[in-house]
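Heads up, there are several structures right after this.
Look for chain A in each of the two complexes below; its partner is chain B in the first and chain C in the second.
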Partner chain A sequence: MRIALGILLMIGLAILATSPKFLKLRRATVVGILVSGGWLGVLVGLAIGPAGLALVSHDLAPTGTPILTIGLGWIGLMVGLQLRPEVLRFVPANLARRTAIDASISFTLAGAIAWLALSNAPIAPANSVIPLAALIGAATIGWPAETRSLRLTAAESGLAMALRASSGLSAPIAITLFAIAHALAGISEPPINGPDWAALLRIGGMALIAVTLGVVARFALRRAGDRRADLLAVFLGVVAIITGAAVELRVSPLFAAMLAGVVVTNLAGRELRRFERFILQAEHVVAVIFAIVAGVLMDVALGPATLGLLAAITIFRIIVKPTLAPDSLSPDSPTQRSRKIARLGAVRQPPLALVLGVGLVLTDPSPVNQQALTVLAAAGLFCDLYAVLRARAVKIETPEEPVENDSAPSTEEGASP
Partner chain B sequence: MRTARMLLALATIVALVALTRRWGATLPEVVQHDAAPDRSATILIGLLLFGSWMFGRFFNSIGLPKLSGYLVFGLIVGPGMLGVVGEEQLPYLRLVETLAIALIALMAGGEIDIGYLIRSIKLVLSIAAMQLTGVFLAVSGVVYTLAPAIGLATADDPTARIVAAAIIGTIATALSPAVFIAVMNEVEARGASVRASLSVMMAMELSLIVLFLLVVGVSGNALGGGASAASIATDLAVHLVGSLVAGIIFGLALAWYMHAVREHLAIFVIVSCVTIAVVSEVLHLEALIVAIVAGILMRNVWREQVGPLFHTMEHLSLPVYCVFFAVAGAKVDLGALASMWPAALAIVAVRFPIVWGSTHLGCRFAGVEPPMRTWLWTAFIPQAGVAVALVSIVAATFSEHAFALPLYSLVLAVIAIHELVGPIILRLGLERLTDAERQNQTADDASADG
Partner chain C sequence: MADTTDPSRNDSAENNAKQSTERVLLLIIASDPTVMDDLLTALLDFGVTGATVLESKGLAAVLREEMPIFAGLVSLLPGATGSRTLISITNLATARSVLDFIDTDLREDKRPIAAVLPVTHIAGLKR
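On to the complex of A and B.
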């Protein structure tokens, strides 16, 4: 009962938080940062969760798992649907290389930091350290696609495109690396020594299921035609089956849905455009719901190990990430300001980090995983505030007005990955 | 060819889910929680939704209602046949059921025009009164006669025999607004016949609740240990007045949202339906009446503002119907049907002509001409969720009496027949009525132009 009311309350707040009247408030700098990064949702979740008014309890994780799993699948499918050749073809090789370098360095270094911080911490059982290190590593990959907060000028549109494109590429890499590392860490109880190679078989099986489901979904989409009700039935059915199969096989639902999205996007034709438009309509609300859920699931009683991890991740993002920032896609040589902004843009944490964290807590709602979620949220908020406030202080070199493109697509504005 | 591919795709999905679950069952649990739901809940929701959607289209392609396809798909994958969806998973799908009942009732309320109801009060009341009385008396009579033969009561226990007969007679008067709304949307039926059907259903649902509480209360007294007359009256008042008041409050709240916010309607509809279901459960109200009243209020007071809300409900209804009716199909008790089919058929055989006759007489009394007089009865054949809910209450209330179990099996068998046959007859009737109303409309337009 309490859980049902909690979920309702969260959904209601998500609706209000994404209503146009509320979005007007984002014109104020700090509110703008809180809204565009999804932090307001996290704070609301924290306020209504066990750490605040306790309107919603931590039991949300086990009880609300089927609904939230479908939500994870929704996000995974959206990421997968972007991975089609005609989109990837436009990504310059230099940018792809930069993104790959960022992914490998961030995943390895941040993962190693997390492993060092947690391996001897009493709070973390031995079999939870590798999944946590994989989470922190994957969450450190990339930066947000949202660039409006950085106040880029029209002349810096090439930089905005670079940030968005590399962010789009980073998301599937982060999801994949986390899923593989998490699966290899093993599900046996007691834990086995070394990687659980049988996980590769399960991931392969998941890929086979995704391909089969993708083929059936393509057939179903053709039958659905233009009817919204039929499209919704097909979409929800596909997401529920693929994420449910992932839960059965102990594979990340986010990863499984992404695989299905990749298959669907590369098999379907004209009907996919309708399908994509259709599911993108709910992107904003889903993103806010996950931010609120993250707030509810967080355990704020951080110990020395997790506080140390928070400091290390924040320092990593502020010092190391700027060196991995992408170059502008503009043919003109980058100005000093655009270089600065690019570095600050790379400091920010992508919203996908919280989604990955929520996914881990849904699989295993242990205190250490809930504290890791808090670490990600706090590090993300600090880095966002630091980067955006500093970016707004960087002087515009030409008298040009900042880009305030109100007609920008919704993917630009929200907290979604 | 297209149908063969559809069935192949469907078989693939069922096999995929069954194999995945079998594989998953061999793996160790990641973590164990007391409150953890069944791990298979998500994949089964997907299977019931996607599979029933495809099966519904297959049924449609062979001229049958999609809704029957949803039911039959649930029956096939349910515990009675393939067992992909087991008995133990059905309770986890309850959230979808409660959501569906509220959504369907809101839509039903939105179709009821108070102006029409007042103008047609003679028609509505005469059909409702004749049907309620006719079905109750006829079915009770049949059950009373058959009771010793089917193990409901012995010939020397007249009290148990009368109680069982009265209870089954009462439940036989239950209708299914859910099936009606689903088939109505499927054939895009609108007009006077739809308004008349829904108005009669609303009158009968209200009467059924009163009759049911009275019969259960009096039966309890007769068998010993039942509730007093005062407590029955109090229950009735709280149930009905509380549901009406809650419905008015919800109607006002939803209309306010449409006036002040008017955003994210799809999610708002889902939140509203779950809220209605949860609040009704907590306050022991009738979710069906709460939502119907909210729908009537909105549609009749703020018709313009709430139009988009009802459009959104229509868009959302399909996936909800798919899961709701597939779950209903999965719950069909084939064992009960197999053991009780002769008695169940006898009840169905009596109920059919009584429903037809009472509707026909009611129409004649109110001066309604064919085709409504010929086909309106088809709306009152299907039975589903309401009847199942009532028989579950009876089984729990009289669990210590010998007749409880056979009564439960018999009523489930009767519901199973009505559930499977009802939508087919209803679709036939609604198609005829809709065609006739469209022809009349065209003729009226032509004469107006002329």
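On to the complex of A and C.
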């Protein structure tokens, strides 16, 4: 009962946090950063969780797992539904290449750092180190698609598009790498030594289920037409079946739902647009719910190993990530300001990082996983504050003033509309 | 001979005449694209032969587009939401008929938002 009330409280807070009246608070710089990055949700989660008022306990992970798994499925479906040729053909090859470079460097280096930090830590049992390293590696891939808080000008829309597109591409890569590494690391009972190769079979089985479900969903979407109630029924059916199958096959529900999204998006026709709009409408609410859940599930009592990991990830993002930043999609050569903003945008941590962390804690609510969630939240908040405050300090470049000429009309008089 | 004309009928006739000459701006925001066909047919039936239809976006759509969280790739697509805004200069009587049609003949969940605004000056309007 208490868990149900806690979940209702979190949903209520998420709806409140995404209401138009609340959005007005973003005008203040710091509040804007806290709201845009979802950090306010994390802080609220901390406040109502065991570390604060204890309105919701850590038992949320085992007891609330079914409903939170559906939330993971919702996010996976959102990511997967984007992966269709109609959208992907807008991504220039150069941007796709840079995204792939960022993913491989970030996953390998940050994963290795996490492995080094945790492999000898007393808090981390041997079988939890690889999943944690995979989590940190995957969470370091990409940057947020949200560009509003960087205060880009209209002339920098090409950069905003580049950041959004590469972030959109990074999300499925991060989900896939984490799911495969996590499955191979062996979460089987009883634990086995070495990679769990049977996991590849389970992932293959999951892909087959996703294809079958995609065909069924296409038929169901045609029947649903534009009736919202029917769309909701189709959505809940797809998410419930796919996440249920994922839990049974011990595959990440986020990954499984993403696979289903990919199949649905490539099979369905016009019906998809309505379905996609229907799902995307809840994007902000779902994001806030997961931020609050992350806050509740966090264990803030970090030890030396996890504190070291926090410092290492923050430094990695501030020093290495700017070198992996995307180029603007605008055909004009980038200005000095847009280069700076692109580098700062790459420092920020994508919101998917917390979702991956919550997914791991739901699978295994151990103290080290809960501390890893805290590490991700704290590193994300530090990097967001650093990047956004610095980006706002970067002056907007104005075109060079024309040489004064008495006979020429003034700028205002001569300006064309 | 006494005047038998009912003054209220005179007023009503005057009122109707005034409504059919008074120019107004009819503004309709249809967020559901499936309603456009019925709406445009009705406008033609009521005698609105000229209107401008603009692609538009609601506040929530703009916020979602500028602040994508998990679906950054979709923002690469041309951002059509299906929402349309229709503007037309017409007379008050016609505009009222259109409002009645919207209120009574269209399904509540698809009903566009419509407003009628007074017009004080017009230039360049083709008859």
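Going forward, the second predicted complex is superposed on the first by the 396 of 417 C-alpha atoms of A that agree within 3 Å, B and C clash if a C-alpha of one lies under 4 Å from a C-alpha of the other, contacts with A are read in each partner's own complex, and residues count from 1 in each chain.
Here, contacts are C-beta pairs under 8 Å (C-beta built on N, C-alpha and C of every residue); 3 or more make two chains touch, one makes a residue touch a chain.
This structure is a prediction, so every number in the text was calculated from the model and none was measured.
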Practice task
Check the residue A:197 against both partner chains and state whether it touches chain B (first), chain C (second), both, or neither.
Solution key: neither
Problem - Touching partner for A:86 - first (chain B), second (chain C), both, neither - result: second
Practice task
Scan A:352 for contacts with chain B and chain C and give back first, second, both or neither.
Solution key: second
Handout entry: If touched residues of chain A are counted for chain B and for chain C, the larger one
Key = B
Practice task
Determine, under the contact definition given at the top, whether A:220 touches first (chain B), second (chain C), both, or neither.
Solution key: first
Completion exercise
Where chain B and chain C land on the same part of chain A: residues 20, 228
Handout entry: For the chain A and chain B complex, residues of the former touching the latter
Key = 1, 4-5, 7-8, 11-12, 14-16, 18-21, 59, 62-63, 65-66, 69-70, 187-189, 202, 205, 209, 212-213, 216, 219-220, 223, 228-230, 232-234, 236-245, 247-250, 282, 285, 363-366
Completion exercise
Listed in rising order, the residues of chain B that touch chain A in the complex are 5-6, 9, 12-13, 16-17, 20-21, 23-24, 27-31, 33, 35-37, 39-47, 49-51, 53-54, 57, 92, 95, 261, 263-264, 266-268, 270-271, 274-275, 278, 281-282, 314-319, 322
Practice task
Could you pull out which chain A residues touch chain C in their complex?
Solution key: 20, 23, 36, 38, 75, 78-79, 81-83, 86-88, 90-91, 144-148, 161, 163-169, 171, 226, 228, 273, 276-277, 280-281, 283-284, 287, 351-352, 355
Handout entry: chain A partner contacts - residues on chain C that touch it in the complex
Key = 32, 34, 59-60, 63-64, 66-77, 81-82, 109
